[in-house]
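Input: structures, listed below.
Common to both upcoming complexes is chain A, partnered first by chain B, then by chain C.
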Partner chain A sequence: MSVQASNKRQEEVGESQRGVLRPVEKRTITVAVAGNPNAGKSTLINAIAGTKLHVGNWPGVTVEKKEASFDYGGRRIKLVDLPGTYSLSPYTQEEIIARDYLVHERPDLIINVVDATNLERNLYLTVQLMELGIPVVMALNIYDEAEAKGYRIDVQGIEQMLGITVVPTSATRKSGLDELLQSVLATADDPAGHIPQQLNYGEDIEAAAQFMAESLHKSHPSLVDKYPKRWLLLKLMEGDGNLQKEVNIGQEALLDEALHHLKRAHGEDIEAVMADTRYSLASGLTREVLQKPELRKTELTEKIDRVVLNRFLGIPIFLAAMWITFKLTFDLSKPFSDWIGTMISGPFKRWAEALVGFIHAPDWTASLVTDGIISGVGNVLVFVPVIFAMMFFITFLEGSGYMARAAFVMDRAMHAIGLHGKSFIPMLLGFGCNVPAIYATRTLENQRDKTLTALLIPLMSCGARLPVYVVFIGAFFPSHAGTVLWSLYVMGIALAIMMGFIFKRTLFRGEAPMFIMELPPYRMPTFRSLMIHTWEKGKHFLIKAGTYILAFSVIAWFLLNLPWGVEHKKDSYLGQVGQVVAPALKPLGFGQWEAGSSLIAGLVAKEIVVGTMAEIYVKKDEDKKKEKPTFAEDLKEVGISFAKASKDSLANVVSTAGITSISADESAEKAAERNPLREELKKQYTPLGAYAFIVFVLLYIPCVVAIVAMVQELGSWKWFGVTFVYQMALAWGAAFIVYQGGRLLGLGG
Partner chain B sequence: MMPLGLLNSGEQGEIVAIRLQNTSHSVQCCTENNKCDCRVEDMGLRIGKKVEMLNNGGGGPLLLKVDESRIAVARGIAMKIMIKEVTR
Partner chain C sequence: MGVSDMIIAAVILAGAAYILYRSIWKKKGHCCGCSGGSCDKK
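Right after this comes the complex of A and B.
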């Protein structure tokens, strides 16, 4: 049977080669890259393909798919990165993606990335890959660390026993990569000579397989050509549910007969027997080829873990690490965000105005371009520094191995709201800005955690809501500013815990997933991989969110300025909508149309609430218009202020000032400029109504960017619907309780 | 025989039985909208394996060393994996 199988495979290969009309040299070699999580797979691919990497999603799921095509040795090679898996069983999304690709797309060969410091478990996957009958080249990765540990690995021994090429590599040091690609070419040129050895699974399994092979040939001849034969047989025998569905062979007489003896000898659970067989092959092979030094020193990783995971020190250390990350992110990026903001509202707007004036475009185009498009794009661009800085630090924490520890440490506390430790990080980031926080949920393993976390993130009061609080607090509660501000943040957290409880018992009913994950050894991430992964994470935001934001900004502009030539903002579409929603907001203590309009405008970005109110309430000061600076002056300003931003950014990192102090100072300045607005607000709202208003601002939909991020990350509009409904209900409910409750308590209306 | 979850930090044991619900020993977290890598056995926790408890600090998950990897496991799983204690 073994001879038959490999002959058959050789014939297939021969045929497909004969069938290709183009010369072999011109054909693209498709290479699937498979391996365990933490085996250094993505580092290896980055080291090989670098910037040619194309990141997308596997169809229908939110698992990342990386591909890279490049020329090497005069040939074209296409690398397809399969999700990291421990096995090819059909139990997780990653496993299913990996095996479907290998079975149905049939790559020319597989690069199996193996962690040399942890051979046994990695070889378990290798054994399964070999069942597919596709040539395998093993990248024995992290070889330098294995050597440093004093491991002696018999590379030729693995090659002989498995019948595959083995190349020791170190992706972080970029060694062995050329040899690896050479082996890929050599294997691709002679696939038939590189079919992996067919391992012997023991008498009973082999006998059953033989019997099955013969019966299948008669009953389902088409199947035998469609699937890798060995794999088909083994999977049918172990009762692989997905495959049974695919081929329509389930509990049939054929199977019963073949498995009769096997079941009598080993019990009903063939899958377990098969897993044991594979594992003992991996384990036996490891024993043959690996020599470990006798004395094992306590490794650095364990020493660090003893401190970092200590039951008393763990949480303080984690919080400190998070605080530093958080602070560095905002300190580094804030000056650049501000710079982009001022540049866009200043010089760029003026240039655009000049340009539009130059071509004698009608007034409304000028307004559309400057107030709609440029402001809109500006809204996106100011997020760019924050997002990239945050993604950089997250990538660093991930790459260094600390992220997994953070999950470990916070796991217990997060169980209360039906989540795992890992979810804590995105939620914390939400206090800075909800958008990168939602993007950060992609570091979570499973869809349930990801969705639930993303749903709760908007309740973390982000930096953009602060200006609104500051204006209202400044007008109504100047003597209790700190307490009022604190109450808002605490309310957000308390409601997040409450919603977590509710979601856990409704939409996300059922077991919270059991926590089991590997904590990789600490490693210093390479600068190159940091850069590549940061770019990958941030790029999504730039491209996709950018297009949506632009569209929404243009829509908002139209709403505020149409019908064209409106004298009063009240008559604009936005004003009209404000009037429509006003009655619904009346029980909350802010039933003025201005409040409604501002809140709607605030959907684009919360900062806009203040801007819109200022525009509506405060009459435009025409005298304010200063002399327009010349183009050259503008250009100079752009340069100087960029230099200043860079300097501030560096100074921030060095300084020890708190994050809040920086943003609060900034907002206080802004607020001071809007003093006329404060006076107007005092006339329009009662203190209780004002507090209800800021509670509403805290709780309703954060902004369009966050929504886009959510739709993008969760892959459907359904969860947007859930967020929209629950946040609106929560915001309305909370504001209602605050206002009506306050009135009952006699706090005035 | 004792549950793995009762080992103290620094102690070692050998896995003798895994009592997770279904026959394939997969933890029941793998529902349709829930991808995860929780097959205990794929992570190297199998019968006959020596494990070392690295961190069992009261509540929360515990940290094991199996072969050359560190595996964090929820207490719920650890209580269903039976071991016999091994003295060094």
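Right after this comes the complex of A and C.
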């Protein structure tokens, strides 16, 4: 290991136009936050700036760079959260994004977030960051866990050896953050005094670098101004293809001449020689500064992993974890969903009617508000508790570190379809929403993996499909709610594997690359972080309800009432479209025009299937001559029923009795009043037809937004065409097999 | 349906169409939660 002060480097930087380091006075201090995946960069930024960047206990959560600005010590600081990378080589999208930013945008300084429990591996990146000639402050993060493990880290030793400021931090406990920010300000005020030391690559490489530096000064002076010089030299010597293309000197005699001696001495692979040198430094430095206690007992993470990652138990445990998630989701949320349903069909509808009457709006607008907006949006809002409960449990699994294991145990199954376990991470994200999941495919190494994964993601059941499942499951399978829901998610995964298998043999021939994935230690997520990220994942369903579900409910109402004065909804424009589609759906057990119209409307967003069904099926109750309660009575009812829902929810989760115990004694009339749509569906569908319908909803294309995301990410409408065709065929085929197969087995019809 | 009803209906439909355009097409495929940074921006 050899580190030398780089006074010369400082002089060189001082000479170059881009490299001039001046104290940052009035302008915003731009700080790039870089580090290995899962070192806690996003958590650190959230802890410092109070933003809500997506955080998960698995590698690859941050795909793009994100920013957060705040004031500290009278100065404006802008933190730029870069994707986690293990190096600055140009092999993955994350690495390219991170290094392009650091090289071309030149932040004032870098906070290098280092996982103190994985010092050696993290220092490899640190060494590369130091080559950029930008001041580096190291946040020695997860320091509390390192201490708890008995690690003793010589912080001053790291500072002396690397020539950078090192601050122990714990982002989750918010400790060391003030010290970190003070170091940032101190470094920004005196950047020239905080230039990191440089790794000496040995006599041969340094001599070649010197030769190249002199040649570059003569032949390409503009390059020396444009790039950090030492970084440029080292990367050119490594044979960095991207950079060679960018600077257009890949094939020049200059490189051959500089590398001639090196290649004779070390062989053709100079990159490997330099990587070895960096690893040696990281390893040597770690030996110098880290003292680990002797391992007397197996750590908890290893103990859990022995079971969870067992080749026979891994997948059954994953399926069991999913089943428990869905059971708890239902048990926790159902009383609140029922409560919202009762409130929307009761007090809110009455208040809306009163308001429309009060402003003397035309009669038809009263129908638009109650039968269109309240039925449409209201029947989606009913399922908000289910969505939030599901997101809460998924966030818990992410934060605990289990989701990374899920990807690991699925690796073998993924290899069968020509992908590897890393592709399963965007697919798991798809359980929340397919749109960010499609964007997350950019973490994959090559275009083949990316495209294939993006094509399979829509088969992962997103939260928007939950309302459809829940309304049908509540109507037809209330006593097996968790199991039926679980079967849909498992079916989505199984069919994704099947389609991947087909694609591998047709459109995407080739073998999956090696899968190397870091398994983070298990951690108990903090309650605050769970709440923040549950809200982040779930809130867009609320925003959707207030934007395009609201808008489409209005449009659907018009489509169901035009031509003006139409007697039956069947003859309306939407009804006519439904009638055209219905014959194709008849073999699937739901050949009603209502189902056809709802599925067409659901192309905009899956929740709209429920909203449209509510608009179609739920009859007006104008002939009921019941006395309407007063406003005060309504308010009292809202409060009392909420208290009851909370009590039922708690009882459901605590007891093993499940959700059937709650409504078992409920009269049919009361149930119909509380959830009229569910009662109407019971009259229109058989249980087998209902299951075929939700299978169809699971598999046909997710929504317009996901389509646009796919076109954006894959850069072509061609893949959308492929997705549309295969998903429609798959949805029809699967629903057909479910319905006709069920009939053959005597399960009804 | 009188002229005033048609005007009201047209305004409501135009508003709904604008919300759809703004929330789906103008965002170019980014979900509604993106403003909070919960998914990535291009």
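Points to keep in mind about this one:
The definition used in the following text is that the second predicted complex is superposed on the first by the 439 of 749 C-alpha atoms of A that agree within 3 Å, B and C clash if a C-alpha of one lies under 4 Å from a C-alpha of the other, contacts with A are read in each partner's own complex, and residues count from 1 in each chain.
As a working rule, a residue touches a chain if its C-beta (ideal position, glycine included) is under 8 Å from a C-beta of that chain, and two chains touch if they have at least 3 such contacts.
As the structure is a computational prediction, the values presented were derived from the model and not from experiment.
Of the two partner chains, neither chain B nor chain C is touched by A:E203. Of the two partner chains placed by the overlay, only chain B lies in contact with A:E302; chain C stays clear of it. Of the two partner chains placed around the shared chain by superposition, chain B is the only one that A:E120 touches, whereas chain C remains out of contact.
Contacts of A:K66 after superposition on the shared chain: chain C is touched, whereas chain B is not. Touch criterion met: A:Y439 reaches chain C, while chain B stays clear of it. With both structures placed on the common chain, the touch criterion links A:N310 to chain B but leaves chain C unconnected.
Using the contact criterion defined above for the overlaid structures, shared-chain residue A:A275 touches chain B, although it does not reach chain C. Taken together, the two complexes place residues 63 of chain A in contact with chain B and also with chain C.
Across the complex, chain A is touched by residues 23-31, 33-44, 46, 54-55, 57-61, 63, 67-74, 76-77 of chain B.
Of all the residues in chain C, the ones that touch chain A in their complex are 1, 4-5, 8-9, 12-13, 15-17, 19-20, 22-25, 27-34, 36-42.
Chain contact summary for the complex, chain A toward chain C: residues 51-54, 63-64, 66, 362, 364-365, 368, 433, 435-436, 439-440, 536-537, 539-540, 543-544, 547-548, 550-552, 554-555, 558, 564-565, 604, 704-713.
Interface of chain A with chain B (complex): residues 37, 63, 85-87, 89, 91-94, 117-118, 120-121, 124, 268-269, 271-272, 275-276, 279, 301-302, 305-306, 309-311, 314, 404, 407-409, 411-412, 445-448, 510-511, 513-521.
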